[in-house]
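A short worksheet on the structure shown next.
The first chain written gets the first letter, and so on, giving A, B and C; residue counts start at 1 in each chain.
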């Protein structure tokens, strides 16, 4: 069997092997000219090229776009308007009421995203911490349950959105349960509050397995003898949790918190498929606003979308810097 | 085939210079051993010869060809690494053939060479195994085999036995010596173990701090160390040193024993532990007090202190009945004594 | 049963007594299992129900299909119903046609006699069965085979290119010393902060300018230079001893051969992790394909699904079935490789 597998594997990679052989002579010639060190450039080139074209150049262009107006997509056709787009986004008569803003949709999206992040991240941290603590116990079938909670992480956002749309619809599973419990069925996604709660619940459902794994890794890194020492001291379990587990899990918890924040701010796919931003604008989040103002609406405004995305990017950069700082501090603590 | 000449080699890593101007000739068919304490530059020097690193200045010649700028592959050398560096994802046979395939050698010839190396090193049975399935000694043989099949101008061996246990190290040492005798190819061998150096080498190069201290045959080094460092480094246990003041060709060892010295002023007198023996009769002798007795059976190592506190070690044959605290008198032959001047260099008697 | 229960719930090291924390633990785990797998199972079950059954409330747990029977004198098989007749008896009848609130029925045993029944007085006779048409029809008639192929193409090509370019870059960054290496590393770290959603507009114009709009390559290329992949591989390659590379150099291997024949095979575990991640990422990609692809024949499964689900007349029986198809590769990855992935995440903290 192993022999057959090996033969099949070799047959499958045969074209690649041939290609690799074909590029060897020219690269050998190049190596002769530039020396061993010159080969580093060859190995870096493809990645850096793709990277520059599709990440670095757009990054720079984004600023250019954010300072132009009109509906054209080619930069040459777009008039320079300076900070006009930012002014449009940020102009408000009363910042507590999005409706008074020039771009009321943007402020609605900002407000929705902020609320979403607050609720979703809190829920995420609590739920994944509890799950991690439970999976860290000495239970039968631990790896099975670890896999169970990880399963939705792999599902595509579109699938996640559709699964839950199907469950939350008028004749869906949730209403079946409601009826069985003797409660009134609801059209969940037509209700502003329920729809908002659904995006929070569904995104938590879909991603909690990932955060659980990070926390579980942190829990398992806590030396066992600390707990044994605490047991010798007759420390009550609550105290063990607050004084040993939580402080030692601190760095992982911080990483989970910031990662969840970063991803929460960018919420789009599953919420978009689930509710499409509705009902009304009650689940309109920032990325959907950028997508729609830049591409999907009839009167598309790439400049406005670029400006909004730069504002969102600024928030993400701050969050990422916090994360890098935290993980470096965590590493420093480990080194000590 | 296989004459290596180093000419004014220096090597710096950033601001730190690790090799300070090495001139050396290794003759064809010779087994030269680089020996010295860790950090002396012996491995760096080997890597410079191999072409894995480039010297900062100086020239390297192999068989009269300047290879200073040539790549590792173009020097016709083969190397055995300290960790063996066997490719873990290849079988033994693939490990041996990899380098030959790279030179586009015809398949039948590759097979022939591998068979021959397999016979020579007795690894024919292991050809289809992977390195992780081999014992330390077997890996060592495969690493040597990988060098042999290449039929190189010279073998470079970087501490090849340091990962083996003591018993295996002894066997492999003997095998390497036999192999060298059979192949008659130049070998450059790096080690920090002076027993390996002494038993294997045609020529030993003692290095310290990136400089050559002495180049000589093993017995030449033992019998005529050129300076205090070599005297102290070669031979076990270490040579006993007595710092004395010489006036008029005479000096006194601690305890008052008088000695003819080929120098004036600060002189260090060196006597190997094996050169000292228990004095018989009342003649002039070195008087010491025993601190520790290590009875090894065939011989007894005695640690003692001279009158001024200088430690003295002696290796006595057999099992003399001695005990700590006991004073003894030691004698030595005149030709067992080495003299070194204030600059640490040998003074000829 | 009690034996199995004993085995499942036996707690190590504590003897037999149940603490409240054990009850809480198992409640959480069992509820969690139901909540994590339940929705997907419900989806799979629903995907085998016909349109009529999907519109029913309350929904049934298992999929049923209506029983049909051949009746003499009729070309097509007729659906079977349990009908309550005016005289109060119930009989199993086959429906010929429906007119308004009336159903014209026939007794299969007696094809000559036609009976009129009010539709309120009949209920369909059903057996457990799978409405496989949900799968066959959209695949054949509604382009879904094309979407499937597009998704497979994007996933395969993107993963191959990701593995190649990322491993080459990681090799250079882990095994060579050259000026600017730290600058390149810093650049890569910095772009971890730039998610796709931040550069949508300019990236669209770059893809437009390079002529990749409405091309699957426009979906593939922007995703392959992942900093995460370079990182993961570089960390792994740092653990490959340099002596192996030097031995290969002494063995006349060119630098390309060292990469291809020594470093790549030895980095296989890390490559496998990256390959799994890349497959899942690219298969699940939604926003970027949604923007780049505006021609229906180029849609990937995710975009196609969303488009069908967004239509006015949502054909749930097709959508559910196609959602299941979309899930299949990921479920396969989950079943066979989840251990790989979970250890990968725990080790490198990537997603």
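Please note the rule applied: a residue touches a chain if its C-beta (ideal position, glycine included) is under 8 Å from a C-beta of that chain, and two chains touch if they have at least 3 such contacts.
A quick note: this is a predicted structure, and the numbers were derived from the prediction, not measured.
Engineer: Can you give the shortest number of steps from chain A to chain C, where adjacent chains in the path must touch?
Structural biologist: Between chain A and chain C, the shortest chain-hopping route counts 1.
Engineer: Most central chain by CA mean?
Structural biologist: That would be A.
Engineer: Where centres are the averaged C-alpha coordinates, which chain has the largest centre distance to chain A?
Structural biologist: Checked the centroid distances; the maximum from chain A is B.
Engineer: Centre to centre, by mean C-alpha position, how many angstrom separate chain A and chain C?
Structural biologist: So the centre of chain A lies 18 Å away from the centre of chain C.
Engineer: CA centre of chain A versus CA centre of chain B: separation in Å?
Structural biologist: Here the centre of chain B sits 60 Å away from the centre of chain A.
Engineer: Just curious, how far off is chain C from chain B if you go by their C-alpha centres, in Å?
Structural biologist: Result: the chain centres lie 65 Å from each other.
Engineer: Please output the residue numbers of chain A that touch at least 2 other chains, ranges allowed.
Structural biologist: 36
Engineer: Where in chain B do residues touch two or more other chains at once?
Structural biologist: Within chain B, residues 71 contact more than one other chain.
Engineer: If a residue has to touch 2 or more other chains to count, which residues of chain C qualify?
Structural biologist: Residue numbers touching two or more other chains: 249, 254, 257.
Engineer: Which residues of chain A touch chain C in the complex?
Structural biologist: 20, 23-24, 27-28, 31, 36-37, 39-44, 46-48, 50-51, 53-62, 64-65, 73-75, 130-131, 134, 137-141, 143, 145-159, 162-167, 170-173, 175-176, 179-180, 185, 205, 209-210, 213-214, 216-217, 255, 266, 268-269, 273, 276, 287, 290-291, 294-295, 302, 305-306, 309-310, 312-313, 316-317, 320-321, 324
Engineer: Where on chain B is chain C touching in the complex?
Structural biologist: 50-52, 71-73, 77-79, 81-83, 85-89, 98-99, 102-103, 146, 150
Engineer: In the complex of these two chains, what residues of chain C are touching chain B?
Structural biologist: 241, 243-244, 246-254, 257, 261-262, 265-266, 268
Engineer: Which stretch or stretches of chain C touch chain A in the complex?
Structural biologist: Answer in residue numbers: 7-13, 25, 28-29, 32-33, 35-37, 39-40, 42-43, 46, 54-59, 164-166, 168-169, 171-173, 176-178, 181, 184, 187-189, 191-195, 197-210, 221-222, 224-225, 230, 249, 254-257, 259-260, 280, 283-284, 286-287, 291, 302, 305-306, 309-310, 316, 319-320, 323, 326-327, 330-331, 333-334, 338-339, 341-342, 345-347, 349, 351.
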